[in-house]
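Chains here go by letter, A, B and C, matching the order in which they are written, and residues are numbered from 1 within each.
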Amino acid sequence: MVTFFKPEQTFLTGSKTLSREYYLSLEIFAGEIEQIFTRSWFCAGHVSRIPSAGDYFVLDAYAESIIILRDQNREIRAFYNVCRHRGTHMCEEAEGKFSKTIQCPYHAWTYSLDGKLIGAPLMKDVADFNKDEYPLHAVNLHVWQGFIFLNLSKSPEPFKHAFEPLLNKFEGWNLPILKSARRILYDVKANWKFIFQNYNECYHCPPVHPQLAKISPSNSGENDLIAGPFIGGFMSIEGAGSLTLSGNVCAAPVGELAEEDHQRVYYYSCSPNLLLSLHPDYVMFHTIWPQSPTQSIVHCEWLFHPDSFGRADFHPEDGIEFWDITNRQDWHMCELSQLGVSSRAYQPGPYSPREALPAAFDNYYLQIMNK
Amino acid sequence: MVTFFKPEQTFLTGSKTLSREYYLSLEIFAGEIEQIFTRSWFCAGHVSRIPSAGDYFVLDAYAESIIILRDQNREIRAFYNVCRHRGTHMCEEAEGKFSKTIQCPYHAWTYSLDGKLIGAPLMKDVADFNKDEYPLHAVNLHVWQGFIFLNLSKSPEPFKHAFEPLLNKFEGWNLPILKSARRILYDVKANWKFIFQNYNECYHCPPVHPQLAKISPSNSGENDLIAGPFIGGFMSIEGAGSLTLSGNVCAAPVGELAEEDHQRVYYYSCSPNLLLSLHPDYVMFHTIWPQSPTQSIVHCEWLFHPDSFGRADFHPEDGIEFWDITNRQDWHMCELSQLGVSSRAYQPGPYSPREALPAAFDNYYLQIMNK
Amino acid sequence: MVTFFKPEQTFLTGSKTLSREYYLSLEIFAGEIEQIFTRSWFCAGHVSRIPSAGDYFVLDAYAESIIILRDQNREIRAFYNVCRHRGTHMCEEAEGKFSKTIQCPYHAWTYSLDGKLIGAPLMKDVADFNKDEYPLHAVNLHVWQGFIFLNLSKSPEPFKHAFEPLLNKFEGWNLPILKSARRILYDVKANWKFIFQNYNECYHCPPVHPQLAKISPSNSGENDLIAGPFIGGFMSIEGAGSLTLSGNVCAAPVGELAEEDHQRVYYYSCSPNLLLSLHPDYVMFHTIWPQSPTQSIVHCEWLFHPDSFGRADFHPEDGIEFWDITNRQDWHMCELSQLGVSSRAYQPGPYSPREALPAAFDNYYLQIMNK
């Protein structure tokens, strides 16, 4: 039995925003990469991006280039995009299909799709050289509910331990079988934390998102996860079928949802890089990629039930465009916040009771950073 | 009674240019921001830019964004462009008109034009929250002779003490009532000190400004302020009515000038950021905005007597274009100097007797920096 | 009698590539500038670029701008592009012709082409000022075999000592009298050492340069200089007259070559910045200009016998285009290597026996850096 709270119920009076250096300092940014991003399980994307054996995409994550592929046995694997000979990048395209091997373009060293070195011209004459010692560097990988998670640590916390609060939470939504209709990349001139804070409150909805606020009242939210790495809850859909430009549902239901879930959108922010938004007729997810203290790349992708594709009542753009507009409104506010906190005059300001979750996000962040 | 000197009379033999690090070092640049720019009264512009209640412009100064406005009582005020809630930038336009309030676009916190917080949605439920404690952060401001001066220090030196040598110096020129005909922004790839040094000597005029040197001989200058934050004097206009492309005066006299002042241009450099050039028929002023050790933004604005506007003999472009050409010639020399001093081979070189004022500028600069 | 070795014969088993920081660290890059580039004789270009008195070009080298000219006595000289007065850059064009003097554009200080200060307006009134004390700063210069070498050190090693292994090596190729037909500049997003490593092996030729590998087999190389600042040897031309798109020779022989040299290309990498490639019918040379740990500018120039110019069988583009294509293939591999070694997963990898010279280059580099 899930317990929900209005944000006001969980708000700690006196909560204030983070101080200025957390949005500007190169040292703190380096500390975040070290203490958060290269130690945590982060979301790399959804399995529907590489449906067949040999399919791959290349992910730029925390200054690393990572090849994510489906091998000959249809197993999903991830490798650093670094040849073991002279360190050369092997894949240049953002995505594609391998025909059984990965070959480095420089000196033609060749690897099987499970990462083994199977060809190294003229190396047989080198005493003590053993191909088995030079596989591609693998990246820790775990697929959960169709989402591919990676961990760059040498001894990662077990995924199931880290994600325990979410493990069986979304089973009604058919996440593993959904298919992507669209992916949009945004270049946001703001610190990644502004994006999390923005996602976690609807206090800004009336001034920033008049369209959204009309069909999903900003005071309708209730949260069940209210502290720690995963926080969120739902908001109501009122006077509309879903969050779309037309107000109508735009696809078949993603799953066999409880009746109340047809009038709800569930929003969960999952540290360190995933925002998961479950609508009755589609699932939207954002992954956030910090580039510097003042810049973040955001991937946004929309997933639908595979049966929806090709049907006459499938209008994915109706939901995609609704959120593309809303996303851009949000990034703009994040960018204005970045500009403002760079002032010497900025001081932490008071959160309102509707900002219980941003305050909880900040608390968890500080707890990790001060470990 | 003002005493004037030829530059040669005040030249200290053996004066040499500054050493290389003053034009290149990020540490020295940070020291300048700290010891000079955020402690001194600097010029933000002229009151004619915001004639009516509600008018505002946004100034980018030393990495701060500052809103300068005329409030409902026609009083000029300056505020940091930072909402007290989450630090968001509130004004995005370079200039405009407020209708009675400033509202933050993110969560709609609202301020009156004198900076008071008058609206903060849903904050009434927060115990201990008092709107009176969250006014906009004000910037110290003083209007002198129509020029708006700001000071970012917490305990600024009184303006009248800092500007004592200039206080009553320019009363004949009607500075408070002049009106602007044009403002041009220049992006100069040079250290800000090169711009001051360039302004303070006409040794370069024959090779760099043949047009100017013809109607204002480079050896005609005499200076009355020869040391400290304010230095300058006049040069003669010969064989022309004013400094214009045509050689004719281009507007009504700016004030009731002494007869000799109709054949003179007065040039004063006012640390840390103002260059004030008083012609018989117009006043030109530059404000200098250091961006990095190797880049400066320069605003140049031309002011005329309000009675000139609309008259048949009003040809402001005749003076504006004359100086736009001359400005660009100067910036080019500043940029070549920046390139040159970056060489490991550069050594401080000998100033000539015509460069008494650049040497005095350097001396005052070093005195402030070594305090 | 020159002794040649197959690369395999000089390969030290167990050689590995350099570690990651050598390609990324700003500190190491600064150390390279200090310990290598500003202490060594580096190649600035070929004398054929400034054939007549007054001809000059401006070289950007290791953050210095250097004027290289032929003076009134046809002697080649080099000066820092820095006026002795206020440090201003004097020459803005990349190349041109002086009419007897160099004049600074800012205050018209004037120098003869041998660097003497011969004009300094109004300085005669300064006690103790002596023009003889303010010549242009000269750069150490030595012309060897038509190539102009510079050294930025205050007490450079004698050129003939530093270049002893090469001094009389290339006399058959008429290097001092050759004329340039083309110069191409490349902007390579890679560390300069990748370019040297790439030049010094043909293990990459089959996958990267199919055209080249066809007429100059990748296993045909033999080297005579196998350690130290100068390394290289020859590769054979087979089934073609020279390295050209058509496979035909494209110009008259550059010199009276031994019969075997008509079927050979000699390749020598000369630390710190020259790659010298001697073909029967043309000489190509690269000079490498490090800009940052991750960027290098490369100049490539093609020299021909002066008698070739104007002849019906002179087709310089046939050789130039062949190498322009090959150059770009190489830079691309260097750029992929730069991307790859930036990964935290990169570890030094094993060189193959065909990479004896890159291993020797790395060894010499480390020896100089660890001095």
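Note that in this section contacts are C-beta pairs under 8 Å (C-beta built on N, C-alpha and C of every residue); 3 or more make two chains touch, one makes a residue touch a chain.
Since the model is a prediction, treat every value here as computed from it, not as a measurement.
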item	value
Proportion of interface numbers common to chain A and chain C (over half same, under half different)	different
Rotation angle superposing chain A onto its copy chain B by C-alpha atoms, nearest 5 degrees	120
Mean-CA-position distance for chain C and chain A (Å)	48
Where chain A touches two or more other chains, by residue	none
Residues of chain A defined as touching chain C within the complex	38, 63-65, 80-90, 92, 105-108, 120-123, 125-129, 134, 137, 152
Chain B-touching residues of chain A, taken from the complex the two chains share	8, 13-14, 17, 20, 197, 203-204, 206-208, 333, 336-337, 339-347, 349-350, 352-354
